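Structure first, commentary second.
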Amino acid sequence: MLRMVLKRLMLAIPSLIGVVIVTFLLTRALPGDPAAYFAGPAATEEAVAQIRKQLGLDQPLPQQFVRYVSDLSRGDMGVALTTGQPVAAEIMSRLPASAELTLLGLIVSVLIAVPLGILAATSPGSMIDHTCRIVTTAGVSLPVFFTGLVLVYFFYYQLGVAPAPLGRLDVYFSAPPQITGFYLIDSLIARDGETFVASLKQLILPAATLAIFALAPIARMTRASMLAVLGSEFVRTARASGLSPGTVIVTYAFRNAMLPVITTLGMVFSFLLGANVLVEKVFAWPGIGSYAVEALIASDFAPVQGFVLTMAVMYVMLNLLIDVLYGLIDPRVRIEA
Amino acid sequence: MKRRTFLKSLSAASAASALPIPAVWSSAKAQARQETLLVVSESGPNNVDIHGVGTNVPGYEVSWNCYDRLISHEMKTLPNGTQYYDRDKFKMELAEDMNVGDMSATFKLRKDAKFQDGTPVTAKDVKWSLDRAVSVGGFPTFQMGAGSLTKREQFVVVDDHTVRVDFIKKDRLTIPDLAVIVPCIINSGLVQKHATEKDPWGLEYTKLNTVGGGAYKMTKWQPGAEVILERNDDWKLGPQPKVRRIIWRMVPSAGNRRALLERGDADISYELPNKDFVELREAGKLSIVSTPFSNGCQYIGMNVTKPPFDNLKVRQAVAYAIPYQKIMDAALYGLAKPLYGSGLDKVKDAAWPVAHNYNTDIAKAKQLLAEAGYPNGFETSISFDLGFATINEPLCVLVQESLAQIGIKAEINKVTGANWRTELNKKTMPLYTNVFSGWLDYPEYFFIWCYHGRNSIFNTMGYQSKEMDAFIDGAGDAATAGNAAAYETNVKGFLDLAFTDIPRIPIFQPLSNVAMQKNVSGYQYWFHRRLDYRSLVKG
Amino acid sequence: MTAAIPNAPAEVPLLDVRDLTVEFSTRRGAVQAVKHVDVTVGKGETVAIVGESGSGKSVTSYAVMRILDRAGRIADGTITFGGVDVGKAGEREMRDLRGREISMIFQNPRAALNPIRKVGHQIEDVLRQHAQAGSDDSKAKAIAILEQVRIARPDERYHAFPFELSGGMCQRVVIALALACRPQLLIADEPTTGLDVTTQKTVMDLVVELTRQRGMSTILITHDLGLAAAYCDRVVVMEKGRVVETANSHAIFSAPNHPYTRKLVRATPRLGVTLSDLLPEEEGVARKASRASNGANGANGAGHASSDEQPLLVVEGLVKEYPRKDTGGGSLKSLFKRNGAATAPEGPPPVFRAVDGISFSVRRGESVGLVGESGCGKSTTSTMVMRLIDKTGGQILFDGEDIGAIPARQFARLPLRKRIQMVFQDPTESLNPRFTAVRAIADPILRMGESMSAKAVRARCEELATQVGLPLEFLDRFPHQLSGGQKARVGIARAIALKPDLVILDEPTAALDVSVQAVVLNLLQDLKEQLGMSYLFVSHDLNVVRLLCDRVIVMQAGRIVEEGPTEKVLGAPAAAYTRELLSAIPHPPL
Amino acid sequence: MSDATATPAAPTHGIGAILRHAQYVIGENKVTGFAFGLFLLIVLAALIGPYIVPHDPLASNTSAALQGPSAKYWFGTDQLGRDVFSRVIVATRLDFAIAIFSVALVFLMGGLAGVAAGFFGGWTDRIVSRIADTIMAFPLFVLAMGIVAALGNTVENIILATAIVNFPLYARIARAEANVRREAGFVQAARLSGNGEFRILLGHILPNIMPIMVVQMSLTMGYAILNAAGLSFIGLGVRPPTPEWGIMVAEGAAFMVSGEWWIAFFPGLALMLAVFCFNLLGDGLRDIIDPQRRT
């Protein structure tokens, strides 16, 4: 297993190098002059030029790249212009917010989509099947920012049942002592039920927005793979052996059907991380997505680079996790590695 | 039917369960709520030291509230009841006495003034802070320069509690410039502990920490999300502020900010779209205070260095083609002070901002354009800062539509916020809209920045006119000399010239709008248009 | 259409299917897959249901188990098993019946097992479901059953996953699963299709032995009349959803009643028949006559190539090596590795020799059979001769030229290409689904033939179609609109379009029903005679090789174990392996 | 001949059969039928929308600003008094064009690269897979944002960015499909017929994976529209005052809380319906191609 992990990590290295290069080039191509930004209003040409030199922006691109990479190797992702903070520190402090939201969205989505997919697969062509298809397709057809806005409009503004879309915690609560960075978990560890409920309330709408978006791919994949597995010969054998429907569906069909679903989950997760960018903007969520958008709009290189790199690393780790999970379920993969 | 009742009961149930929670679970929280002011705004600071490199406007607000200055302004009450800073009346802050001489001003410091760490404020700190302002470069140094404060030698420690500021020339802006945000007094001893060879002014430290003696201190800052300021109970330079704690949250979506206000979750917000202010005012649940920007206006600028806008007739044609009223109605919801259609050929008073005499007149615009040699119009582009899209976008769309009627096809060019300054700096945009306002509320101050031939960054049109320069310089000199008549002539001179030459077309004077809960009072309008927490009262 | 049942068991049958009709709802409305079928199985009796694809034989068995697809339903008739009306039984009752009273083994043993569950656990699932074992003794019972199906080291194999076992071993596990609860009736649905002939024999022998021991009844569902007759008491022949004949197995070959049975019996290759004997009587007679007039008598008379002439194809010391990929599939080594039982003293060689230095030749006009079981290297050899893959060592001389030295990628562009062609195993897969029949046949002409007008190409294709007996109206159809036999004809027409010298036949009839196989084999023989081509016939089926080939090469594990004229090798085999292969062929009781 | 018992395929021609099948699927599956109808409506709106709308989509009328839906303004008016209905209809053409062109572009880039990678293997495969992996490692929406921000917010760049972020999807599908067929019987047969590798790739492999690609293209069209809308929402979309659904939702978002829900709602609805339609259509197409593999 360890060998497989190492092998996978090795395989990811070229991609990561590609990401670093592409990000670097892309951010350099962004319009806007950080030097002019730093120099502030009313700066003279000379002042701008001097700041440009300080930032090393007067050097040719290859040299800037070398400098960037060497900084990066020391864990230095630079400083964000818009917030003035070191990028690495900010990403670390914001990552749990995004991760908590995305994971909760994913979990909610899985809890709804997987049973829905199974239900649809066990009666293909039925009303349930069609309803499932239409509902999930409608979900994935909604732009997340629109869903988010509509949810806020109804549940907060009109009905008043949701808390203000103001980040991770109501104003009058203070964050639980940081252990995992996930408020839900940290507040439980701190045995602070009040904070737990408060942070859960904040999470519901944005997580629902993400979950609605993620329903379709998961439900579709569950349905498809469940359908394939239910039609497979070993399920027929299991049926012919008189095994109870429960055993057939759970032990025989479901575990096998989960394999492609897990792969899909990985894709969906990375997809959600992208969608997060918009959701965080709508819900004022202090995550890395909103951070990156602000930075990009402001032509602020360092956070964009840092964000993309973090996401790329997360993506690699996620795929690794999926492979490991896959291996746990499927003995064939285990042996091959 | 069923669904409706279900929804109803749902909302009722959750309202019942949602609302009393803080009260039931902890009375401390309800108490805290009374003494806490929740401010929401679109963006937050990137640096809490105004001397820092590239500190943004929200950063100024922290600086204003967490540091003291030698002097400040008195308040006056406008006819509508708004507290408005009095440009001409100064109030002592750290200084207990100011003595302005011919070529210097002497400040006696208050003996009881202490920094937040308990060390007393001394003349050394004042000198160090002012030295820093003129030395670090960038915006603070530039701002100091606007009041002819450029050299460290100008700041002299007379004794522990006396500081003298020498003038390098007579300038009537020198004293007002000491009351802006920049010349804040910093705890030099504490900062120097964190200074390094590379960073002699300790900018890295003050970027993240408020190191002054102001009425508030920043206790928590999560960039882009939240700033928390706590009252400094040892602050002695004025009456103790009523609000113990300021929670300032960044809420990028204007709709959410409005919703927060309406539902009573947020106490105060500025930076809302005009439409929301109009509606909130009509709804009457909140107090809305609208005050015109001092010394500022939004305008359409034209690049006069290049055809076609180097042609006066083209500029005048554009000025006649602007759909002023439509902009007032649709983009601003009437929440602005019009600066057009004065009905006067010459300006009446030596005051700024003041209306010009253009009005929407498409026939005249067409005629002027034909006279200029563009009977069929031309193609150009109109740019705006995406950061202020709520007003800029409809404005530009309306202008675009109107210009199309006289044959000018303008493509709309959205420029992202950070890039806007770069673009302005290049001075290549043919047609654009922008806002400029000066902290120091003097007409010549505005015109030096925006029209003078020394071509500052804000003279975005690249406008050059000897005649204009003469008027502006003349006004400055007259003001310094105290020659009221000459001052008025010169001011009227540059105003009229600016309108006849029309390199930029003022459209309106924006309003600074603040919405707050009815139980919040004590709002004061400052030249920097940010909040002064010291005067705010809740309950 | 119900034939009389001779020798019907006197006592109440264990299974009694009466007037069974099964309907499937499809896009074109309800389709009856099984029509008014009667089948009875007595206690301890072994009954075969034989038919070609689409005859409804499997559906009948699924109906008995009540495991039809969602779309299928029993429309009419009754199924009584041991007094229980299966058609009316509740789902719960059926569940108790399945596995405990009636169990079933399927065609593809590997697919029939849950790939991610240990085989031991799968057996336990069944045991526990039917309360044959509790949690304490289920493991021991499972291991005991594995032992009964002759799996060596059953306590180790208990922990194996299906992919770690060979095909034959998997089938044993499936049998173990089926017999675990000692049911009264075993339904074996094509249990050996896809297995090698020697494995087929051991599996069938095992099934027979175990069922006899336990006094079980068996239904064997197969397309292979020979297999059915060899192992069963009675044979039920089905055609298009109907039972056409039921007879004792020795009677079915000697005195088939129904014309369809007769056709089927004739088409089944067996000892002592010629190619034309496979065809239905009238056709076969005509064919025989025409062959006789051509001076050749069936397949084996085609030895008109003189032996002193230079052979068309000479293969010398041909070697193909593959880098060894230890995927563990079916290999015992991986099993050891997993359990850490053996420390694998010497590592496996880094390469695997699929073809290990073989030499043979094919003369002009000759048919050479290349036989062996799966994995023996026969297909690798033919693919190398075909110049689709590159060799590792040795020589391939075609008409004196060393074509083995030309890289496979370049070979497609050489004029030599058109002289060596191939007929593929699976006619469906070898036709581009997007090409009509005529386009497929025209492809080599367009690419390698002399340039000619579209009309001329069409004319040539029609000529070829006539030659292979493909009605011209099928030329504009797409593969999915053609039957298996028609597709095979298209493939053959394509192969002979440019009049090649050597045609490699890679199991050309393996995917076809026997009756179609008979026609295609005759067609190939006719074409060879007309066009004077040489055939290299790759097959696992010795009966077919016997009919078509002049000489036979027997391969095992990459080497040639025996070579010689067909009659000699198959009649008096010298190598033990050849004898084993021959003896494994099921012999119907004649 | 005894084996001449082919399936009674009524039309001898492939197209006829496919149409018949399509007709069946649409008839059988009301959802697909609905999607198909919707698709025709969208195409119609894209083609003739600008000529039939009741109001000029660009003409402001500040005296009629922010009016709710009425007989005169079916979907109400926006901040500048422009008719939302007219703008929604006129926007169809642009959004549809973005979808079509970006999908065509990604098919040309990703589809062909993937087919080549799957078929040739070796270095081609390694390079294409590496590129796809690298793109996949980006959060896709952020990459699209970056591309548009860096290259400038024009329609062309939105199309390009959407195509680039979809590259891995197409490359992978095409690669897998080509890889499966690489050693298929008909490909071997084509080699025997003297087809060069490139001819096999383009003449034999590509046509066979087209159906799968077409399904994918239909599904990606929806994604392309969502992507463009998302970009517009954060200010990187098309230029004002061009009507485009995403930017209209973004503009209207601010009005939602003040009760003028129609400004954002109708374009959002149009957006959703279009994406919904493409998704359902993709599903339906999959049914037509292969009823077994519907997912």
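Residue numbering begins at 1 within each chain, and the chains themselves are lettered A, B, C and D in the order written.
Quick note on the criterion: contacts are C-beta pairs under 8 Å (C-beta built on N, C-alpha and C of every residue); 3 or more make two chains touch, one makes a residue touch a chain.
From a predicted model like this one, the values you see are computed outputs, not experimental measurements.
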- Message: If I rank A-C and B-D by number of C-beta contact pairs, which comes first?
- Response: A-C
- Intercentroid distance (Cα basis), chain C paired with chain A, Å: 50
- Task: Go ahead and note the Å separation of the Cα centroids belonging to chain B and chain D.
- Result: 46
- Intercentroid distance (Cα basis), chain D paired with chain C, Å: 45
- Task: Could you put a whole-Å number on the gap between the CA centroids of chain A and chain B?
- Result: 38
- Message: Going by the contact rule already set, what residues in chain A reach two or more other chains?
- Response: 31, 149, 157, 281, 297, 299
- What residues in chain B touch two or more of the other chains? 253, 255-256, 259, 262, 386, 416
- Per-residue multi-chain contacts in chain D, two or more chains: 149, 235, 253, 256-257
- Among the chains present, which pairs are found to touch? A-B, A-C, A-D, B-D, C-D
- Task: Would you pull the chain D residues touching chain C in the complex into a rising list?
- Result: 1-7, 9, 12-14, 17, 24, 28, 184-186, 188-197, 199, 204, 207-208
- Which residues, counting only chain A, touch chain D once they are in their complex? 12, 14-16, 18-19, 22-23, 26-27, 29-31, 130, 133-134, 137-138, 140-146, 149-150, 153, 157, 216, 220-221, 223-224, 270-271, 273-275, 277-278, 281, 289, 292-293, 296-297, 299, 304, 307-308, 311-312, 315-316
- Residue positions on chain A within touch of chain B in the complex are 31-33, 36-43, 47-48, 50-51, 80-85, 90, 93, 149, 152, 156-157, 159-161, 163-167, 171-173, 194, 197, 201, 281-282, 284, 286, 290-291, 294, 297-300
- Across the complex, what residues on chain A touch chain C? 124, 231-234, 236-244, 247, 251-252, 255-256, 259, 329-332, 335-336
- Per the touch rule, the chain C residues reaching chain A in their complex are 65, 67, 69-70, 94-100, 103-104, 106, 108, 111-117, 125-126, 129-130, 161, 163-164, 174, 177-178, 327-328, 334, 338
